[in-house]
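The following block contains the structure, expressed as structure tokens.
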Amino acid sequence: MDITAIIQSLVEKFPGVIIDQSADRVTLTKEAVLPVFEFLKNGPAACVSLHGVTAVDRKETVEVVYHVHSFQHRVMLTVKVILPNDNLNVPSLTSLWGAADWMEREVFDLFGVRFEGHPDMRRILNPENWTGHPLRKDFQMDGVVPRPVK
Amino acid sequence: MCQSVNNIITGFMSILKGLGVTGKNMFRKAVTIQYPFEKPVMTERFRGLVDLHTDKCIACSQCVKICPTAALQIEAATNPETKKKFPGVFTYNEELCCFCGLCQEVCPTAAMYLNTCYEVAYYSHDEVTKIDLLKADKYVHLAPPKMKELKK
Amino acid sequence: MIPLGHIVILSMFVFCVGVYGVLTQRHAIRFLISVELILNAANINLIAFNKYLGTADGLGQIFALFIIAVAAAASVVGLILVIAVYRLKKSVFIDDFNLLKW
Amino acid sequence: MLPDYFNIIFFFVLGILFVGAAFVTSWLIRPRAPSLAKNAPYECGEVIKGNSRVQFNIRYYLVTLIFVIFDVEILFTVPWAVVFRQMSVTAYVEMVFFIGVLAIGLVYAWKKGALEWL
Amino acid sequence: MNIPWMAILFLLLKGVAILAFFAINAMFLIWLERKVSAKIQNRMGPMVVGPHGSLQLIADTVKLLLKENIVPAEADRFIWWLAPFFVAVPTVAAFLCIPFSQEWIVSDLNVGILFICSITSLCVLGIFMAGWGSNNKYSLLGGMRSAAQIVSYEVPLLLSVLVVIMEAGTLSMQGIVHAQELGWFFLKPNVLLAFVIYLISATAEVNRVPFDIPEAESELVSGYHTEYSGMKFSMFFLAEYANLFIISAVAATLFLGGWLGPFRPSVIWFLIKVYGIISFLMWIRWTLPRVRMDQMMSFAWKVLTPLALVNVLVTGWLLIGKG
Amino acid sequence: MDFQELIINMGPQHPSTHGVLFLQLKLDGEVIVDCQPNIGYLHRSIEKIAENRSLVQFMPFTDRLDYIASMNNNLGFCLAAEKLLSITASPRAQYLRVIVAELNRVASHLLAISTFAQDLGAYATPLFYALRDREKIIQIFDQICGQRLTYNYLRLGGVSRDLPLGIDQRIKDFIAYQRQTLPEYHDLLTGNVIFCARSKHIGVLHKDTAINYGVTGPNLRASGVAWDLRKDEPYLMYDKFDFNVVTGAAGDSWDRYDVRMREIEESLKIIEQALGGLPEGDPVVKVNKVFRLNGEAYMRTENPRGELGFYIVGDGGPLPYRLKVRSPSFSNLSVLATMIKGMNISDAVCVLGSLDIVMGEIDR
Amino acid sequence: MNALVFYTLALFIAASALLSVTVRDIFHGAVWLAMTLLGIAFLYFYLDAGFLGVIQILVYVGGIMALFVFAIMLTSKIGDHKIPQINAQFWPGLIIASVLLAILLKIIVNGPWMNVRASAVIIDLQTIGKSLVTTYVLPFEFISLLLLAALVGAVVIGKVKQ
Amino acid sequence: MAVNAKILGAEVIDKVPGGSFFLAKTEDLFNWAKSSSLWPLTFGLACCAIEMMVTGGSHYDIDRFGSGVFRASPRQCDVMIISGTICIKMKDSIKRLYDQMPEPKYVIAMGNCAISGGIFYHDSYSVVKGAEAVGIPVDVFVAGCPPRPENLLHGIIKLQEKINSTKAKKA
């Protein structure tokens, strides 16, 4: 089963939730996150490893990016979920992967995306009494010296 | 019973083996370089402090632009006769530099280079924050004491 | 040499301090400490009498040895009881040791 | 010749003097700059959570207990060890019995898990 | 009442000599330790302060004298002050009956060997106090561990000493040495076993690798003396090395014939043996990893103690058979 | 019995937390009932900085992520950037990259096993031996690129400079030397009874847990999963070399140590082959000075600590729009809390040491 | 000199005994008890009972005191290691103890031993050893049983409550 | 800097009787002792810590200068080598550790990060700009990124020079 087959199976299994797809990447609707990952992990794709969770701040939206990986088929699939800025909530994957715990905390810390159902949604890298999410493009803080030379 | 006796013996032997290794090393020569008395020779690629062949610099600012830490500052000046640019002010903030050598790589005239000076310890920031790259004796004050003094 | 009486007076004093402790201390470990004092007072006497008036077979010293052994056994058991009761009742005070209910 | 007890006490006093002298010397020449932060207990540089005086595992106690028992046993063995060669075999047998009884104790404690750590 | 002033003066002189030896020996041992470790690790060790770092320890000592003394807030001051005394004073006292040679012994007590054993067991209390008084979790944990460890290894240690007592029939240190005039004790297989047990348990007693659990740096920072600074800390340090000397001296006396040797002065023989043992212990220290607490405890109780008990009985049987 | 629990702070300054990790341990007696790792004490905002640096300028920052294996970090970043820009490095450069990356792997593993031994209380000696041997590699790097730790050696399309003269002999000497000294480690540690007693059956990481937590690298292989990107998704020229993927059996601390030990040997093999087959040619291909970054690329490589991923998103400008570092230690550490529950402190230290984490890349 | 040493020692013993039951902090109490026991050990040395002195240190100070300290650590929390000394039994206790002391003192001072100065025998270890395995062999073996009983009992109590 | 002035304060002069010659000699002795036995705190922050380890290692052997006794507890050490980047989360801990060291204490800032923030000076939201920004007075700066081990040794020698040239404050 190669990557196209996996994406194909996804499209067949979950009609309507794949908003966008390319060679090794699919974009999902938010609601479908849990079932799709469940299927990816336990289904024929056997993407047993959650390789990474991250996000990209696209100004109006925030993309949450998941990399899942299958030892069996040797493929890495990128899954994206696009969240509007005013509702940065997405289901947590902690029920599926232990790895999701810290990774989601990191995304929360740096981007402010809240993962619903996460058991321990605290900051991880920055001090807990912080406000602001530093990797947002609009992040401002006193004491940050921008590099003078462009 | 046999098993545990055997275990004890192998365990004992393994400890002896370990002692053998350390014992053997006791008679190896020390690898220490006695630093202030013997100084290592820096390799020719060594990336020490940023230095400048003043005459070669054409004030193109490429080094300043590439520097990831903005450690360099240049003010270009133009020679009114030849219309050639040369650095009017060229300062280097050693405390920001990360000794990546990118400035050296990017310099079109090989004016910028990283010298082999590595003994950079000082008591106050002023000694290194605004190093005038155009001065010839800019690093003299950092030079370590001479060998004679050390062996007092 | 020091007169025997002086040593005995010292031992009496230690003994009485022990008795005082036993009577007044509410803390169980304190209580045991006092008991140790009493035993030691006895031991001092034994040794002193052995030295001054003793027989050739060293009865006094041997008796002192036995007392030390008994004291060791006693404090071993006593302290473990204190700990056990403490773990059960969260208290180290003798007033709270109501052994019947326990 | 001085009596033994004097030597012993003398050496104790000497030891105390030695340590005391070191402290006094140090007290004379050392700087003092106490501060609140300095006197705070050290805990890897983090703020202290919880209290340091808490109860501990009973195992420590059990081990010490067995030690005390054995200590007493050994103290009874020493006089025997000094003289048993001049005595008859009975002395030896008596000691075997004595040690045997305590060995039973050790085995018992072992089997009961009092020697297990964790 | 006549006071034997001369004798007291003489004793005082001996005492001062012992103290001087005590301090110099500890310094030398620390220097030796650093040099031995350096050798093992292909390094140089102290080099710059004095020729080959010979003045290093003087510098360390003076510096420790000059260090500020920090009393942690909430520390139990009384206990905290007392602890170094309890740790260091017994080690001084133990030198009382170490036979450096036929003549060089301050006082040959007739309970010599037991005196040393008992005096050094006072350290347990000092360690407790240090742990309790510091009001620090690492100290407390370290202190408890240390005490449990010392206490556990005391049993096989005493049992192996007992074997020697049986062989020699006396408790006096000189008596034990004299009993070996016909042959050093460790040549007998049962005493050799006792020697090994003694060395292992003595290593544990003085908290050295592989039994350095209370000071386990990678777990508990530095154990019960985490909070101690300056001179108080150096007392712990000093006591540690003095103890190292004491256990080695006892081992040399009990098993290796003490100051006996083919020629005089016998004190040379004694020192050679002692420093030999110390170097061996250092060699071990810089080679082996640390055992875990539970492993260490079960080793003491389940291996060494039964072994030592059996050894005592066997020795008794052998001697009875002979006599 | 309700025990009053003892809360102990381990770190941020603690000899065995490998940097500035802060573990808050709840103890019952000496048994850990709860462990709360706190990270971020070395959070240097590298991902934010990356958004303001060009790809070339960012290279020095990758050195400082996993500072024990800077070359491998350089490599990971280079490959990701090259993937984004569709550049292929010259063959010689690829070989050179393999050589330096594997050398660095050896150096990193040496440090890993020796700090592990240090955590087990093997007082300084194994550590100093490892530093002694590692120093030889460092000196080679010093000669190749002029720095001892922060190499900044790789460039888009190749490496910054070709090997200096005579270095290949030096590397060969090193390989011979290392092969000679490796048995010393085996004698000193691998078979040592105390070492085994301390590390065998301690901290068993089951295969499924490891995968579930995204554990990668030697830690995963020690649990018995034969997964090595160099073999399974070969990048550079790794498919040309003959080496084995080392796996462990039980997944305990000793296995993690042993896997590293054997990987050193495999790496030496790779270096030898790469040196032998080093093709002639330019060490770097010509690339544009100014790039436009479009689209996104994710590339992962096998770091000494596991799979290092770089995720670069471009928006058409010269600077990355977003750069994410997927660091192996981050996942490897996240499994710690579940592993050490119910252990005593000594074992916890042993497990932490065997995971071989580097705070620099965890906190970024 | 003998007398001087003795009276200093006696003072030390008496003072630390008193302190061990009167100081507020239980741990301090234990430490003072240790001092008392140490002093008593010296007293044994003074009385030429070297073996007893050694045993006193080894068993009492090194062993039993360690037990006490562990027990204190096992049962104390911060705050309660300072316990009030004055309670309802204070005055009765003090009075009873003082009266007892007075009575005993009277007995002693008037008794036949007050001024005995000659020391009879010096008992060495050999003697103790011999008596122990001959005359007193029964109590000797009994001690082993007692110790065993104590060990078993303590282990049972300690384990049951786990 | 101010640290040095504090150490041999007026109190010492008051307390040690004797002539000024003796005083000067003791002072020399004290300075010598202090400078020859600088025990560092086992404390690594970032990349520079690796170089610090290497400095302790066989090739450079910091123990030659008597500074090889790395103590894990701040109570027993004399010099704190800040080796690496100080981040906001870490800064309180560092300050606390510094505070908990007994006088006389010295600080070596190793690496540009500890000196000024170094490579992370610009654009970083979480890096403190050097040890002095945390309130720790630094005695010797050892620049580099990371400084070579020789450089750290050089820094220690510089610190020794500095200690040796301190004069006690006259009362």
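First chain written, first letter: the chains are A, B, C, D, E, F, G and H, and each begins at residue 1.
Rule of thumb we're sticking to: a residue touches a chain if its C-beta (ideal position, glycine included) is under 8 Å from a C-beta of that chain, and two chains touch if they have at least 3 such contacts.
What you see is a predicted model, and the numbers here were worked out from it, not measured in a lab.
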Neighbouring chains common to chain B and chain E, by label: F, H
Fewest touching-chain hops separating chain E from chain F: 1
D-H or F-H - the one linked by more C-beta pairs in contact: F-H
Centroid distance [mean C-alpha coordinates] between chain D and chain B, Å: 54
Distance from chain F to chain A - Cα centre to Cα centre, in angstrom: 25
Cα-centroid distance, chain C relative to chain H, in whole angstrom: 55
Separation of chain F from chain G, taking each centre as the mean of its C-alpha atoms, in whole Å: 62
Sequence positions of chain D contacting 2 or more other chains: 4, 6, 8, 12, 29-33, 38, 40, 42-46, 52-56, 58-61, 64-69, 71-72, 75-76, 78, 81-84, 86, 95, 118
Overlap residues in chain G, where contacts from two or more other chains coincide: 1-3, 48, 50-51, 55, 58-59, 62-64, 66-67, 70-71, 73-77, 125, 128, 130, 132, 143, 147, 150-151, 154, 158, 161-162
For chain C, residues contacting two or more additional chains: 65, 68-69, 72-73, 75-76, 79-80, 83, 87
Chain H-facing residues of chain B, complex: 30-36, 39-40, 68-70, 94-99, 118-125, 128-129, 144
In the complex, chain D residues that touch chain G: 3-6, 8-9, 12, 51-56, 58, 60-62, 64-69, 71-73, 75-76, 78-84, 86-87, 90-91, 94-95, 97-98, 101-102, 104-105, 108-109, 112-114
Chain H - residues contacting chain B, complex: 1, 58-61, 64, 112, 115-119, 121-122, 139-145, 147-151, 153-155, 157-158, 162
Touching residues on chain C, where the partner in the complex is chain G: 1-10, 12-21, 23-27, 29-30, 32-34, 36-37, 40, 43-44, 47-62, 64-66, 68-77, 79-84, 86-88, 92
Complex interface listing, chain H residues touching chain E: 7, 29-30, 32-34, 36-37, 42, 57-58, 61, 63-66, 68-69, 71-73, 75-76, 78, 100, 102-104
